[in-house]
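After this come two complexes, each holding subunit A, first together with subunit B and then together with subunit C.
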Partner chain A sequence: MLMFSYLMATGITTGAFYALVALGIVIVYKATEVVNLAHGELFMVGGMLAYTCYVMEGLPYVPSLLLAVAGAFLVGILTERVAYRSVLKHGLASVLVATIGVSFILKGIARYIWGGKGDYLSFPPLVSPEPLQFGNIMIMAQQLVVLLAAVVVMAGLALFFKRTRAGKWMQATASNPKAALLCGLRIDRIYMYTFAVGAAVAGAAGVLMAPLTLLYPDVGFVLFIKGLAAAVLGGITSVPGAVVGGLLLGVIEQLAAGYVHSSIQDVVPFLVIMFALTFLPTGLFGVRGLRKI
Partner chain B sequence: MPVQALVGHRSFLTLLFGTLLVLPAVANQYTLFVGNLMLLYIILALGLNILVGFAGQLAFANAAIYGIGAYGTALLQVHLGWSFWAAAPVGAVLAMVIGTLLAFPALRLSGIFLALATLAFAQATQWVLWHWQSVTFGAGGFRTPSPNFSWFAIKQDYGIYFVSWVVTVALFLFTWRIMRSRIGRAFVAMRDGEIAAQSLGIDLLAYKAMAFALSSFYAGVAGALYSGLLGYMSPEGFDLFQMIIQKAMIVVGGLGSVVGSVLGAALLVYIMEFMREFKSTQEIVFGVLLVGFMVFQPNGLVVFMKRWLPGWEEPMHLAEPPQAMSKSDVAEDTTAGDKAVVERT
Partner chain C sequence: MKQLASTIGVAVALASMASFGVQAADVPGVSDTEIKVGTFGPLTGPVYIYGKLTMNGVEVYFNKLNEKGGIHGRKLVLVREDDLCKPEGAIAAVKKLVYEHKVFAIIGGGCSNSTLAARPEIEKAGVPFHVFAAVADGIVDPPATNIYTTQLTASIESHAQIQWALDRGSKKLAIVSQHDAWGRSRYEPMLQDLKRRGLQVVADEEVTVDQNDGTAQALRLKSSGADAVLLLGYPKAAAVVIRDSIKIGYKPIWIGQTAIQDLPALQGLIGIDGSLANFVSITTIPGHPDNPQYAEWKKLLKDTFPNDELSVFNLMGIAAAEVFGKVVEAAGKELTREKFLAAYDTIDNFKSSVYPGPITCKGEHKCNQSPAFVKLDNNSVVLAGTVVLK
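== the complex of A and B ==
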């Protein structure tokens, strides 16, 4: 029982990471029906920018976080403007190929600037690295910070989509681009901001998780796959679904690692993606019949 | 034949394959290796173009299938002591069988969801190569025996090269013929509209399975040859970057163009060899090529060839999109929106 509760606790805290990554994927998918395969690299860029500000330049934490998020936002705008917008008219599949091209460009640039040969940059944790004791279970304080941040980001996004005009524009564009266009929305620009908001969420996730994941140019793709599995499990169009999917994925991974074999942990997300797409295409929270597959 | 027809795809192909045929006579060991790599990538690009360019199935599993072919061939030799000549066909067929199974999710999924599912499959394959250490030897890789050419009156170094050349030319001619046959036309019909194709009597399952089978057979053959060429096997060669290289080849050459696959593969192997030492430069250059062609010329270099060279014919290649009509783009987008609405209600 102790092992089970330990695995559950670790699963939920790691699941919070995945949820945070999944949130960004879901935002972009909801508005544009494209999965941004460069999402992991935006995450990595956010972490690297924060590393530059916080560790190399010695800025305080909060300005570093904000700068990194702003940087990721700008990269999001830039990639949409340069690569995705002109490809969109050739169809969504072309945009997907363009995003994977962008992901390699970003990875190459990061390797050039922050790379080195197999260097792992370690990012000091925001809070004391001592593990906290809850009953018999030990949890890293930074994991709780990530969990909290995931909740904050989710609440913020929910408010953004419900309460702000920009959020409503995005939802309108997502549900019917033609009607949105006829209402006078500039859907090009809304797509651009959607990619940028997704990138900013990725950047924030990158900064928050950097102390736990370490930073290296290839870090993004691994977490992207996990976030994607979480998003697909949650139905890929649902913000709460992304969070539940993330937590569920974290728990499944930990249970598989604890009761089957520790190396199984890494293969769980791939199996979840393949299984969910083939047998559960609307996910747990997706609306049936909404997605064109 | 009119004189101007001499400047076309036939002379390009004759020149390229002719040069590659006489290369062993003049080249050193390294150039020969690059030439051999070029032949393998031509096979890979032909196979991937059948699946992505002709049949319109956006799959990301080709690098993994290539790896399965290579590992299958190498491991049969290492573990069971088979000769290369027995292991290579079995490795290629193994890759083909596994690749064909991917056609079943492809029936339910299309567009980007097929891409994501095959991406997950590719990463799962990577995981198996890394972690099933008792069979695949894990991350460190292993040495593979070099094929025996004693029965063949030729120097050992040139053996695998000539085998690759013969196989590449044979597969090229096969692709050229088959893409102009009923099968190729069925693929194109499926790509341009699944429902329309179905109503013309095209069995989607059969033709999707055939597209996956053909493309993974090509990848498996290339993998088998690769294991004979390199003599060393490690999982890194079959990762996502490998997929990007192959994808860039067919996008640069021309989606849905047989000669374009050859052109793209030959060109990009050449470029790749300039940057062999620098992974970051390779990633940036291949990413930029991929995105740049998607943005500026999504139908690839073949479009320019057709425009400038009078004898260049590619009947099955995608038509050029109408020139810069932003109004119609909006109209297209919005009709897509309409369709979505209809399907949702």
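== the complex of A and C ==
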């Protein structure tokens, strides 16, 4: 029973990691129908910028977090303007290739700037690194911070899409770009801000998760795969779905590793993606497209 | 007569040109003023540290030699090739170094699998090859006349890990390993050595290089009752398993290898003070890069590579280059590849400024057979001891 409790608690807290990554993927997909394959690298950039501010320059934590998020937001704008905007009109395949290119470029830049300082950079946690006791199990306090952050970001995004004009413009653009254009929306600008908001969420996730994931130029790839699995499971256009998908993925992964064998832990996300695509093509919370006759 | 003299003159001129040509072809990469030395390993990609940082160390040592006038009046020039840590990359890199850059010798090999794949090409080319980081035994075993390593090999390290546990009275051993090519090069010799000793592990867990949580592994280790865990993982994988073991209150003896020998860095990754109280690791260097004994290297590295902080990888390059330089020196002024390879026999109980044990290449292509262990004591890296392999 103790083992089950530990696996469930760890599954939920690691699932919050995946949920935070999935949220950024969902934002971009919801508005542009593009899966940003450089999303993991935006996560890494956020973490590295925070490392520079907080560890190297000695700034306080909150300004470091804000600067890192702002930096990631700017990188999001820059990548959209330079790499994606011109290829968006050529179709999804071209944009996907562009996102792969951006992913490699960001990793290369990170290796150049932060690459000579050791293999992994450790980032001090926001809270005490000692585990906290809940009943008869122990949980890392930083994992609870990430869990809380996932809930806050999810709530914020839900409000953003439901209550703000910008959120509605993004959804309208995603739903029908031509109609949005006819209504006077500047869809190129909306795309730009969508990529930037997605990058900012990735940057925030990078800062919050860095004490647990550590920082290195390639840290984003595995988390991106897991975030994508969570997003697909939740229904890739659903914000609550991304969170539920992330938590489910975390729990499944832990239970499989604990009760079957640790060797299958990293196979789980791929099995989840295959399962979701085969049996739940719209995911748990996705909406099937409506067609009027 | 005049015609005969001119014919002889032309013949002499041709003969001397030919002899000059033969000499140049015989000693590629060597001129009166410099020796061109090739290196290959990952300069980019996820494991660039094993290539780029180690090469930076080699270059720092070469610079030091060059500032003193080089060896026998020749400066050492390092030519880098990126193998991306991929077998096909290493083969291409070796070909480029040998046939395009025409280097005299190679000091390199950042990744085991790619270096192993390049061995046939290196043997075919006959270029002297000094391994600086890769650990797979197959690179030097069976021995090739032109390949030497001063790095501890995977099997020596795996045997030493087991020996350390047994010397401390451990009864229940467990393994936590990465099952990639690097991990397997250690895991398989470890299983063979356990079998040879008639031992079985009580838990055999897997981690990945990008592991973000090790709770499942820690729970399985704890339930197996293992009193010593042999860690065959990179720093991140090791850090999360140790961190999550502490979380669940599991405290075995942890026995690491050279990939996790930077103990202050490992403790920083774990993020919990005192987390390495029961941890030892095999070491390439008897201390930490921040120790005063490496101050000179730290300064020289900063002078050349201002973005680098002196790391174990830099020191691995410096250590290998130090032995390489000794061999070049011993080969004499009339440098040939044959004389260079023969000069490895002069390296006998050589005390380097970096390696913890003596280096002996005399009659041996695995020149480093002295595994030493380090531990963290009051936040300082100190020698924990050595083992005698049985």
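We take it that the second predicted complex is superposed on the first by the 285 of 293 C-alpha atoms of A that agree within 3 Å, B and C clash if a C-alpha of one lies under 4 Å from a C-alpha of the other, contacts with A are read in each partner's own complex, and residues count from 1 in each chain.
Note that in this section a contact is a pair of C-beta atoms (placed from the backbone, for glycine too) under 8 Å apart; a residue touches a chain by one contact, two chains touch by 3 or more.
Keep in mind that this is a model prediction, so the values were computed, not measured.
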Partners on subunit A (subunit B, subunit C) - clash or fit: clash
Which of subunit B and subunit C A:Ala141 touches, first, second, both or neither: neither
Touched partner set for A:Ser263, first subunit B, second subunit C, both or neither: both
Touching partner for A:Ile77 - first (subunit B), second (subunit C), both, neither: neither
Which superposed partner A:Leu280 touches (first subunit B, second subunit C, both, neither): neither
Which of subunit B and subunit C A:Val151 touches, first, second, both or neither: neither
Touched partner set for A:Phe17, first subunit B, second subunit C, both or neither: second
More subunit A residues in contact - subunit B or subunit C: B
First (subunit B), second (subunit C), both or neither touched by A:Pro177: first
Contacts of A:Met8 with subunit B and subunit C, given as first, second, both or neither: neither
Contacts of A:Ser103 with subunit B and subunit C, given as first, second, both or neither: first
Subunit B region in steric overlap with subunit C, selected from 4-12, 202-210 or 274-282: 274-282
Subunit C-contacting residues of subunit A that also contact subunit B: 108, 111, 115, 217, 221, 263, 266
Of all residues in subunit C, those that touch subunit A in their complex: 44, 46, 48-49, 52-53, 56, 179, 205-208, 210-213, 215-217, 219-220, 223, 234-236, 239, 243-244, 246-249, 262, 265, 268-269, 271-272, 305, 307-309, 311, 313
Subunit A residues touching subunit B - in the complex, by the definition given at the top: 33-35, 37, 82-83, 86-90, 92-94, 96-98, 100-109, 111-112, 115, 176-179, 181, 187, 217, 221, 225, 228-229, 232, 263, 266-267, 269-271, 273-274, 277-278, 281, 289-290, 292-293
List of subunit B residues in touch with subunit A within their complex: 58, 105, 108-113, 115-117, 119-121, 123-124, 127, 131, 240-241, 244, 247-248, 251, 279-291, 294-295, 298, 321, 329-330, 332-334, 336-338, 340-341, 343-344
Of all residues in subunit A, those that touch subunit C in their complex: 3, 6-7, 10, 14, 17, 108, 111, 113, 115-120, 122, 124-125, 129-131, 138-140, 211-214, 216-219, 221-223, 254, 257-258, 261-263, 265-266
